[in-house]
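Below are the structure tokens for one structure; questions will follow.
Going by the order they are written in, the chains are A, B, C and D; count residues from 1 in each one.
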Amino acid sequence: MANLQAFTSWIADYAATVTEQADYLTDLDRAIGDADHGSNMRRGMTRAAELAGAEEFTGIDTYLKKVGMILVSNVGGASGPLYGTFFLRMAGAFAEVEDAGVEEVGKGLRAGVEGILARGKAEVGDKTMYDAWAPALEAFDTAAGSGSDLAGALAAAAEAAAKGRDETEGLVARKGRASYLGERSRGHIDPGATSSTLLLESAARTLA
Amino acid sequence: MKKLINDPADVVVEALRGMAAAHPDRLRVDLEHKVVYRKDPIRQGKVGLISGGGSGHEPMHGGLVGLGMLDAACAGEVFTSPVPDQMMAATKEVDGGAGVLHIVKNYTGDVMNFEMAAEMAAAEAGTEVQSVVVDDDVAVQDSLYTAGRRGVGTTVLLEKIVGAAAEEGRSLAECAELAHKVNGNGRSMGMALTSCTVPAAGKPTFDLAEDEMEVGIGIHGEPGRQRLPLAPAKDVAAMLVEPILADLDFTGDAGAIVMMNGMGGTPLIELYLMYAEVAAILEKSGVTVARCLVGNYITSLEMAGCSVTVLKADDDLVGLWDAPVNTPGLRWGV
Amino acid sequence: MKKLINDPADVVVEALRGMAAAHPDRLRVDLEHKVVYRKDPIRQGKVGLISGGGSGHEPMHGGLVGLGMLDAACAGEVFTSPVPDQMMAATKEVDGGAGVLHIVKNYTGDVMNFEMAAEMAAAEAGTEVQSVVVDDDVAVQDSLYTAGRRGVGTTVLLEKIVGAAAEEGRSLAECAELAHKVNGNGRSMGMALTSCTVPAAGKPTFDLAEDEMEVGIGIHGEPGRQRLPLAPAKDVAAMLVEPILADLDFTGDAGAIVMMNGMGGTPLIELYLMYAEVAAILEKSGVTVARCLVGNYITSLEMAGCSVTVLKADDDLVGLWDAPVNTPGLRWGV
Amino acid sequence: MANLQAFTSWIADYAATVTEQADYLTDLDRAIGDADHGSNMRRGMTRAAELAGAEEFTGIDTYLKKVGMILVSNVGGASGPLYGTFFLRMAGAFAEVEDAGVEEVGKGLRAGVEGILARGKAEVGDKTMYDAWAPALEAFDTAAGSGSDLAGALAAAAEAAAKGRDETEGLVARKGRASYLGERSRGHIDPGATSSTLLLESAARTLA
């Protein structure tokens, strides 16, 4: 079960993670993008952890909504609206939920990913963050369906995300900046799929 | 990384401070929102024109704010689209009752952030907002299944032409229609001799050997479609112009408006030399140059390289092109 | 060497061909003599204004030809002063009966070639020629026993101001006096982050480590007075402005005309950032900025770096500055 | 004794020499100037050898005058007027001279160097081409005074020029572009003193 405190730790942990991995994420983006994904994520998550950390929240939903707003207002680029929308939509799933279990978190993730889809209109195989999210959601649901607790389901999701992320290496991008490279985008891992996997790994560490 | 900057994190706001200091007669800069405005408030009844995007393309967009062109430009971090808050603030500020047109370059990030801003602005203040997405880069294959073509050089020409139309009092619908027409008539193609370095990243986005160039680049220091051996200016001009001419027929009566644009690190002497080659190819292909620009207008930090934009003109477009403009980056007739 | 050129030997004439193609409405280019003229013949009774120098400093001088500025610009090989034949041809062409002023930057080669041209022009056609030699570079110690200071940024401001004076009908003696006054009131200082490569030489004129800069450079890719560790923009601004302020008192009522100039390879975003620093120092020093320019005006091929020029103004100078100008490189009021 | 033919060979030989040494001269100029002395001299001398070679001349004087004019009209920079004036003034010493001996060549060199002085106003020690010419003239006259023939006097002049050129290395420049470097100009040989020495060495090979 994850309460507001756990969600706060999630955001703090992820902020620390992307700060540490900023150069790596930027290097990935340098190869097939514009060399800013690391600094975008670091800027946004640092603000989110700081600003949202400084306020008192009454629920998980208002907290996540705030995180989403901060990302929308501070990141820019493709990742700002995508991650921002993810948290804004996820927030909706936690109305009046004080302690989130496997079911609520599952709903939240699904709502968030639907937000990413609504904004980005990517499909599986387009070489975007959705290539991490799609298998992750499926793995989460399968685990939850076969009785896993939140910890188990998140671990399964993170593992599936990592696999999806790794598989982006072989793909030719059809969405986002990497699509301009055509065939040359093949052979590189997608930065957004990488930061998304980190977000799920961080959730597995902190939410259960 | 060799740059005339202080802390990489402060580059955008410090450059905006310099713009404010350099053009106090013409510009007003909101440093908090990182928005460049015309000095004088919008004329009631005039359509407001807003653009914006990542920084690092100067003079676009902040240097294209002024009479006969943009009313506001939202500056994102270097190569990172601005956030919706900026576009919302600008939209509110330049709403003169006739609605606001957002000029967006076709990058996933820009499109999504402008979209969110338009949704929010419509919900909040009831301002009528229309958008045009510029996607003129022939280096990118167009397809329904991809992000489509990038928005590059045509953006500058569009901002000039639609700026003139808004100034002469055309309605939001007319300005939007005109913007779509300009976008439909414009094509660009670019190349790089060197990469550039995003200040926050600290090292070049890509490496190019001394005898290589990238053809089919955009404006974000991203690698191009093809890495080729360095070639003489004559051949480079052909590589840029031919795909443009293959994509659209420019042999109309009113001719074309042509921009020979530098990527930031290429000196004017080379741009003029390149323009001679470009003009020769156009002439041989039966394309009349009605008007042209040679210089740095839509850049990619200190990248060496250039791009060519060709816009199929008609009398209306040429007339609007010739209308007075007074911005730091483009000025005539006033 | 990464440049958008064909044969290095043809760079100058091919770039001139591009200028001719780009500005057929305003310029006329004599490719044989490598002289850029205003499109229309000189107005009878107007003093003719000629400048020239090595190429590689674009837009100076060819891009500064036009209404309210130069009548002709003689283009030498890259970084090599033009030859007397060019100045003689130009002098004859722009003699409207009121005499011709030669604007010469203080380099041994430029001075000697212009001198020979003036001697020859006087002997041949009886044209009255006067000269002003610009020597404003505070990086060079002034002394009777040396070649003296180099002519750099003030040249651009001088061409604008004296151009306006000639346009409004001042006599040769008045134009020459004004030119000497502007030169006496102007000071410049420059720095480089990178060297540049002369096309015919094929490799950089000097090498700079990734953490070094040259301070006190001129505009010919020559090494500067000092090699220093790379510093933040704030400190660079101080290194450029302080020697200028130490050399002349700029705290007059009419303030100063300031140019924040790029050396060719430095993007506008950095020039604006630098200008913010420069403006702050000037303000703290009690120097009011009456007018300013930020951009690439007197360059050194693709060198990254910048220079600052400060010109002590008075009402006459500011009035002449504001007068209409219509050249490819500088345009307002028309 | 040197006739018109010999002077033509001189110019041809020097054109070949500076073409061969162009990169070296430009390298010297790169260190303390603007990296163009080699291309300037090559451009000018190639034209001079070509254009003047294509015409018929009646005397040494008209031939040298033409060479001087070509240099003035084709080189630019500091070296154009300096070398141009050198040949123009030198030409004056050969009016009605068909075969030049040690005396006439001595007069010619002196007139030429006076032209360099009149144009450039350099003094010995300023680190210019004059630092090669001043000792060369002196050595020429000393040799001629003690009975040397033209060959001997030119050889002595070339040797003295080379010494003068080498000594520019230790000097701080006070004239020309190198003067802007102040102390930093020390430690480099002057390019113009080098090309001047080459001109005298070429004369020693061809004029006697």
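Some points to look at:
Quick note on the criterion: contacts are C-beta pairs under 8 Å (C-beta built on N, C-alpha and C of every residue); 3 or more make two chains touch, one makes a residue touch a chain.
Computed from a predicted structure; not experimentally measured.
Distance between chain centres (mean CA atoms), chain C to chain D: 32 Å. Between chain B and chain C, the centres computed from C-alpha atoms are 29 Å apart. Inter-chain spacing, taken between the CA centroids of chain A and chain D, is 75 Å. Touching two or more other chains at once is no residue of chain A. The set of chain C residues that touch two or more partner chains comprises 78. Chain contacts here run in a simple line, from one end chain through to the other with no loop closing. Under the contact rule stated at the top, the pairs of chains that touch are A-B, B-C, C-D.
The touching residues of chain C, counted against chain B in their complex, run 2-7, 11-12, 14-19, 21-22, 55-56, 58-59, 63, 78, 193-194, 210, 213, 230, 232-234, 236, 260, 264-277, 279, 289, 292, 294, 296, 299, 301-302, 304-306, 328, 331-334. Across the complex, chain C is touched by residues 26, 30, 32-36, 38-40, 43, 72-82, 119-120, 174-177, 179-182, 184 of chain D.
Against chain A, the residues of chain B that register as touching in their complex are 54, 76-85, 107-109, 112-113, 115-116, 137, 139-141, 143, 145-147, 150, 198, 200-201, 203, 205-206, 218, 220-223, 225.
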